[in-house]
Every structure is written in structure tokens, then in C-alpha cells.
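As written, the chains take the letters A, B, C and D, and residue 1 is the first residue of each chain.
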Amino acid sequence: MIAAALTTQDVDQIFVLIKHALLACVPAALQPIASAVLSIIPILVAFPLLFAITTVLERKGLGRMQNRYGPNRVGPAGFFQPIADGIKSLTKEDVVPLSADHAVHFLAPILLVIAAFLGYAVLPIGRNMVLVNLNAGVLFFFAVGSVVELSVFMAGWSSRSKYSLLGAMRAIAQMISYEVPLVLASVVVIMQAGSLSLVTIVESQSGYTGIFPHWYLFTPWGIAGFILFMIAATAESNRSPFDLPEGESEIIAGYFIEYSGFKFALFFLAEYLGMFATSSLAITLFLGGWAAPLSFLTFIPSYVWFFLKLLVLICFFIWIRGTLPRLRMDQLMGFAWKFILPMALLNIFVAGLWRFLPAGPLNSIRWLVCIGVLAAPCIVLSFSLKQKKKLLVRTYHFAE
Amino acid sequence: MTAPFLILAALAVAGTAAAMGLRNGVHCVLALTVGFAALAALYLQLGAQFVGFTQIMVYVGAVAILAVFAIMMTHHPGLIEAPFSRNWLWGAVIAAAVFATLARAISLGTASAPSAPPEPSATVNQIGDALMHRYILPLEIVGLLLTAALIGAVIIAIDPKDREESE
Amino acid sequence: MSSLQSYLLLSALLFSIGLAGALTRRNAILVLIGIELMLNAANLNFIAFWRFGPHPANRPDALTGIMFAIFSIAVAAAEAAVGLAIILAAYRHSRTTDLDRMNHLKG
Amino acid sequence: MIGNGILKGLAETARNFFGSYVSKDRLTTVQYPEQHIPQIEATRDFPFLVYDGADWESGMRCVACQICEKECPPKCILITKSTDKKPDAVGKPQFYPAVFDIDISVCMSCQICVEVCPFDAIKMDVQFDLPTDDRFGGLLLDRHKLAKSNEYYHQIHPTEATAVDTALAAERAKAAAAKAAAATPKPAAPAAPAPAAPKPASSTATPAPAPVAPMPVKPAEPPIKPLASESSKPGETK
């Protein structure tokens, strides 16, 4: 009976309603604190849970791509593997190198995880489901992201190990290089929406023409910005093919090599949380946030759409990881500064052009102009950056 | 004088004092980031969101990292340096005198200030509008300055040997 | 003590700490950091005055305090970059960042 | 076209991913504890001692000559020569190993012991999953654990075992013929059939009455030397 009485709107807002109902039971003096706790706990539960699911999905998916089964021993089809991993990392000995800088070594993973969680404060997970609707939400997100670099440095430096220091150097160089295009790629959306608040950005994309939504992805600058953003996000979250900071074949695990047990697990958690956060930001900026992809699908709750989109992006990350080999350091830097950065700047120009070109009957011309302005330099750049060095046939003098 | 202000002020003072007092250069910078973060929180406390987040982004994300890299690149493992200058006492005396003067000036000069006027609004939209209209010239000049500083820093910091090789 | 005064006092304290560091430290990088700290103390002044100072609504210069802080942060960033580059170049020349030992110009 | 290679790679991995649910050929993993890859005949990992007949102690071919112990590069073999003699497969009194230990945590599976053994007494096994929770004693195999029957050898390395048996039988027949020619005519016990496992056993089991230890040249020397070379191993100090 109760289920029948619930309208789709109630289902959409069910978490908000539950929170309000719970808040009503708390004395008024404690309500601000209770409200904060009630908002934070779902994030602290949902995203680590997603991390657990992602690890098993990733390992199984990568396995299938490489013609093998993934983990398939623990539980049905191996889906309890993250529980086993969690128990293992919790019960493992916590080894701290003798020469390590103990205080910094201890603080680094904690700071990293805190920074990774802070980013979720401004992400709207569903309709009316955002922790704080900050006026400068996007700026907050990137400001918190820059703390990650510092904690990576702390981890790498305090371990007093050459591998961790090299890994930290690589990670910081890469993160700083790709933070610039990441911000520039999101600037186009800020220009169009006229706000730094992520809630406003989602609302500005929530309309529909016919059955199709008004996502920023469906504009020439939007699609270019999305691609640039995703490339930069892959590098920012140290995912393959930009996983040089932890390149196993060269520096074993990078900046967190001297960590073990639970602290090591914290690094992994923070890395995946960072990936989810940047993916969520991409969803919010370009893919309409929690909005349904087609107008007749709006009866499905908004948070479901958000997590579905997030899962799709995660699967895409896994797919990319299973496909592409790791880049070299100079290729990585060259790609950031010589290709991604100019294209992101050009994209800002195109977004301005789109704004001032007339819509209406000349819409197709507007599309053509924008695509032309984007595509021509893209092709020129990519051909001019192509390595022209011919590889010689390698001969072996002593093998014969 | 509210509790958040006191906590943040204590953090800022402790962080910066540690940054100026510790022996290990990297520890100094890490302590400094604590001070900068506390300052950013103070800006937020004052209602200047944009400046607070910019502070974190620029100082914690960029300046601290730069300083740390510079310290590591100029570090001599064998060299044990005294952290403070020979005539450190003079410096401390001068700083204390400056603080005394400033504190006296503040206590005399701003006694009549209103204790809590209504909070002025500074949304990102307003700041953007102001930057694009009233402050457009300073904005352009700062842009030019930053570009010049970027190129200049690269040219100064590049190793002369590398420069010869690339030419 | 009013709120403005407490912020200004904090700012003066930070400025003095930065000054003490800049005057007493031997490592050039830490001296530069002390100068950054003094700039930050000045920023705190701007923001405090913007918040507590008298400002009638809708005046065009209502945002001057914020603007000054933003530009000051940008200038400080540029200063840090160039300053650290100069220190690196000096280090490459004299193999030290100890300011007491960079005394080749002394007669 | 730029990005063509990336698209091709993505298509390949996608085909692998979805194909793995359709065709079993794409999943090449062997689920190890339950499934095993069929071993090729030349598989080898750790040595074992061959014995003829049913009883491992009396049928052991090893005569404690200690060549393998000396040749072993990582020095993982420890042999203590017996003080008495026992009749071997053909009834000739021989020394036997009172102690024959192989530390397989040290063994590097080089097969040199097999190459140098003049009696075809030590051969390579195929048993590779030897996990144990006792890291000191568990990987130190004594002569009882090492002893495997000739039938087992036939099972794991059929071709090689047949060749060895033929050679052994020929040698024994020759020795018997020489003996017969030299001494009084006496029917040779092993008439050399090719697989030649059960017959020598029956002939060796009976003439057990110990030929009252003649105690040859150097009695007390052997146990000391190997101990000196192997005393650093934790497994053997106890």
C-alpha cells in the first residue's frame, strides 16, 4: 500500500525525505551537526563501496580482455574478492622504513584520502542531493585536487627510497601538467553555464528538445571538451596509459612503494576515489549530471542515472587500461603541452564562437564552422607531432 | 573573537612559525602549507570564497610544490648548515619591533571600527563582472606579467649546458 | 577587541614572523618563503578591511579588497616562480643556497 | 588517420572481452589446483632415488659412491655411507646410503646428479607441487621420501626408463656371464628381459644374510666432509 502511494517524485527524493524525517527526531540545537553527519555518511559509504565493486569489475574485465578469468575463487564468481582483500590489508603488518620521516610518512596517506573525499562535497549526486552548493564549486574541486599533489610528494619524499621519490617526481610533474588542460577543458562549460556552481551547471543542462537532452556533450565544443577532459582526467588519476608514476616495470609501485598493509590500501582507495571524483565532474559538466538521457526516462530516480553514468565511465577507463600501453615520460609531457593544451585553448575560442554565431536556421552552418575550427588544427598538430623517425631493423651481433 | 577564528589563527601562527623555525627545509614547506591552508580557511570565514580557494590552489598546489622541488634540487646531503644567520638576533629584534609598532598602530587606529557590519557579498559572478569591466586593465597586465614570469623563470632556471645542446 | 582588530593583529603577527624568517634564515629558498608570508599577511589585511570596512552597497569599488587580494596572489605566484628560478641559477653557479656564503661581491 | 591504432586496439580488446563469454578458446587459463597441463615427457624438477623390486630399502640402486654429492653445484645433497654392505640387485655386496638427504629448497633442478650417476640410481621426478607449512624440515627429503620404484620411473619417463633398463640388463648379463666364465658354472639369475623389474627383486630379496661387514679401507671419514660443507643450512643444523 505504501509502495503504491509513492510517486516517482518521492522515489527520486527518497534519501532527501529520509534525511528530513531523521532530522525531525533530533533536537533543534543539534540539527546542523546532525544534518552534516547524515549527509556525509552516505558519501563515506557509497564511494568506498563503489571502489570495492570497481576493483573486482576491473580485475575480471581486464582478465577477460587478456584471455583469462579474473578472480573467481572467493564467493560467487569471485565477487567477494574485495572483502578478502580488505581483510588481508587490515591484518597485514604495517612496515615503516627505518630511515623514513615518520610523521610525514604517517600523515601522507591520511591527507590523501581526506583530499580525495573532500572533492565529493560539491558534486550533485542526485536532484537536491549535494553536500554543499558552493558558489565556487568547480574552483573548490580543483583546489582540493591540488592538495593531492602535496600528499603524493609527502609520501614519496618521506619514504627515503629512490623508487618512491622518482615516482613522486613523475606523479607531480604529470599532475601539474595535466591539471592545466583539465581546468581549461572545464572552462568552456563554465562559460556557457555562467556559473561555477555545479548544481547550476546541472540545472542548465536539464532541459529536453523532443526526447533529446540539452547536454553540453552535444555541441562541438562540448564533445571536444569532454574528450580533452577525459584524457586529462586519466592522467590526473594516474590511470593507464598514463600510469608512469606507478609504472610497475620501472619503479615497482611509485610513490607508495614503501607503504604496506592498511596505508597501502588507503593509497589505492584514494586513487580510485580520485578517478570517481574526476569522472563525476565530467558527468556533471558534460553529461548532464543526474539528468536522464532521454525525456521519457525521467521516472527513473536521478541518483540511479548518476551512478549508471559513473559506471559507464569506469568501464571505459577499464577498457582503456586493458588496451593501451604505457607512454614514455617525454611523450607524456609532449602530449600535454604540445597537443592537449593548445587544443583546450582553441576549444575555449570555439565555445565563444558558438555563443556569438546565430542559432536557428543557420544552426548547421554554426556546427560546420565550429567543427572546422577545431578539426583543422587538430589534424595539423597531430601530423606535425608524429614522430618521423624511421625505426631501423634491429640486428643482433652476438646472437647468431 | 569566535572559536573558529581562534583555532584558525592558532593554526596559521603555528604553521608559519614552524615554517620559519624548523631545520629541515622540506618540513618548513610542509608546515608552511598548514599555515597557508589556515589562512585560506580564514578567508572563507570572512566570506571571500573565491580568494580562499584560489589561495589553496596557488599556494598549496603550486608555490609549495615549487619550493619543495627547489629545496630538493639544491640539497647537499653532506653539507650541514646552521639554519639561522650569524646575526639572527638582530633580525628577531627588528621583527619584534615591527610587530610592536604595528600592534600599537592597530590598537590605536581601529578602535572605532564597527564590530560586525553586514556581510558584503562577493559571488563569483560579481568578481567576474568586476574583472571584465572595472579591472580589465589590471587583469590584462597581470596576464602579461604571468606570461613573462613563466617564460623568464624557464629561461633562468634552464641549465646553460642544456641550452647549448638544444641550439 | 573588535573582530577587525583581531584580524589585523593576526596579520601583523604573520607579517612579523615572515619578516623574522626573511631576516634570519640562511637558506635562500626559506627567505623567499618568508617574503611570501609577508605578502600573505598583507592579503589578510585586504580581505579583513573588505569584510569589516565601511562600504556602501552598490558602489563600483565595493570589491576592491577582493580584487587586490586576487592580483596580489597572482603577483606572488609569479614572484615565487622567478625567485626560485633565480635561486636555482645561483645555486648552479655557487653550489650553495646559503646566503651568508654568497658574498662574492663583498670587497 | 590519427587515432586509428587506438581504435583498432579498443576493438581487439572488446572482441576479446565479449568473445570470452562465447568461445572457450579465448580463455586459455588452466584452473590450476583442479586442472593440470599435461606434462611433456622431458619434464623434470627434483631428483629421486630409484629402487628395484618391492622393498625400497633393499632394492635401492644407490651404492653411496657420493659422486652426486660432490658434483651437486648448490650442494643440496647429503650422503652418509653405510658402515656395512648389503647385496645389491645382482647380489653383489655393496655399500648403501645410511643417510641420503636432498634439500629441495636449495636444489636448482640442474640434473647434474643424474648425469654423473654411474648406477642409474638417481633420476628426475615430475612432482612439482610440494608445498609444506614447515619451511625447515618440510623441504628436506630423506631417503625414504626420495625412494620411488622403477615402475614409477617407467610411468613418468617411459622411453628413458626402458633405455636405462635395457642398458642395465645388458650390463648385468655381461657381469653374470663373466662371473660364470670365471668361477664355477652357475645359472645367471637375471636373464635380462627388457622391462626387468620384478625378476631382480626376487633374486635380491632372498640372499640377505649380511655378509659380515668386511669394513674396508676408510671407515669413519665420510660423514664429516659433507657436514662441513652443508652446516650453514638451517634445515640441517638441528
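Heads up, the rule we're going with is that a contact is a pair of C-beta atoms (placed from the backbone, for glycine too) under 8 Å apart; a residue touches a chain by one contact, two chains touch by 3 or more.
From a predicted model like this one, the values you see are computed outputs, not experimental measurements.
Set against one another, A-D and B-C show the most C-beta pairs in contact at B-C.
Computed from the mean C-alpha positions, the centre of chain A lies at a distance of 58 Å from the centre of chain D. For this pair, chain B with chain C, the centres built from the Cα atoms lie 5 Å apart.
With centres taken as mean Cα positions, chain C sits 35 Å from chain A. If each chain is reduced to the centroid of its CA atoms, chain A and chain B end up 29 Å from each other.
Shared contact sites, meaning residues of chain B that touch two or more other chains, fall at 50, 54, 62.
Counting only residues that touch two or more partner chains, chain A has none. In terms of which chains touch, the assembly is arranged as an unbranched chain of neighbours.
Those chain pairs judged to touch are A-B, A-D, B-C. Across the complex, chain C is touched by residues 1, 5, 9, 12-13, 16-17, 19-20, 25, 28-29, 32, 35-36, 39, 42-43, 46-48, 50-51, 54-55, 58-59, 62-63, 66-67, 70-71, 73-74, 76, 79, 81-86, 88, 90-92, 94-96, 98-99, 102-103, 106-107, 110-111, 113-117, 119-120, 122, 126-127, 130-131, 134-135, 138, 142, 145-146, 148-150, 152-154, 156-157, 159-160 of chain B. On the chain D side of its complex with chain A, the touching residues are 2, 6, 9-10, 12-14, 16-17, 20-21, 26-29, 31. Against chain B, the residues of chain A that register as touching in their complex are 101, 104, 134-136, 139-140, 142-147, 149-150, 153-154, 157, 172, 176, 179, 194-196. Chain B contributes residues 26-27, 30, 33, 49-50, 53-54, 56-57, 60-62, 64-65, 68-69, 72, 123-125 to its touches with chain A in the complex. Listed in rising order, the residues of chain A touching chain D in the complex are 61, 64-69, 319-320, 322-324, 378-379, 382-383, 386.
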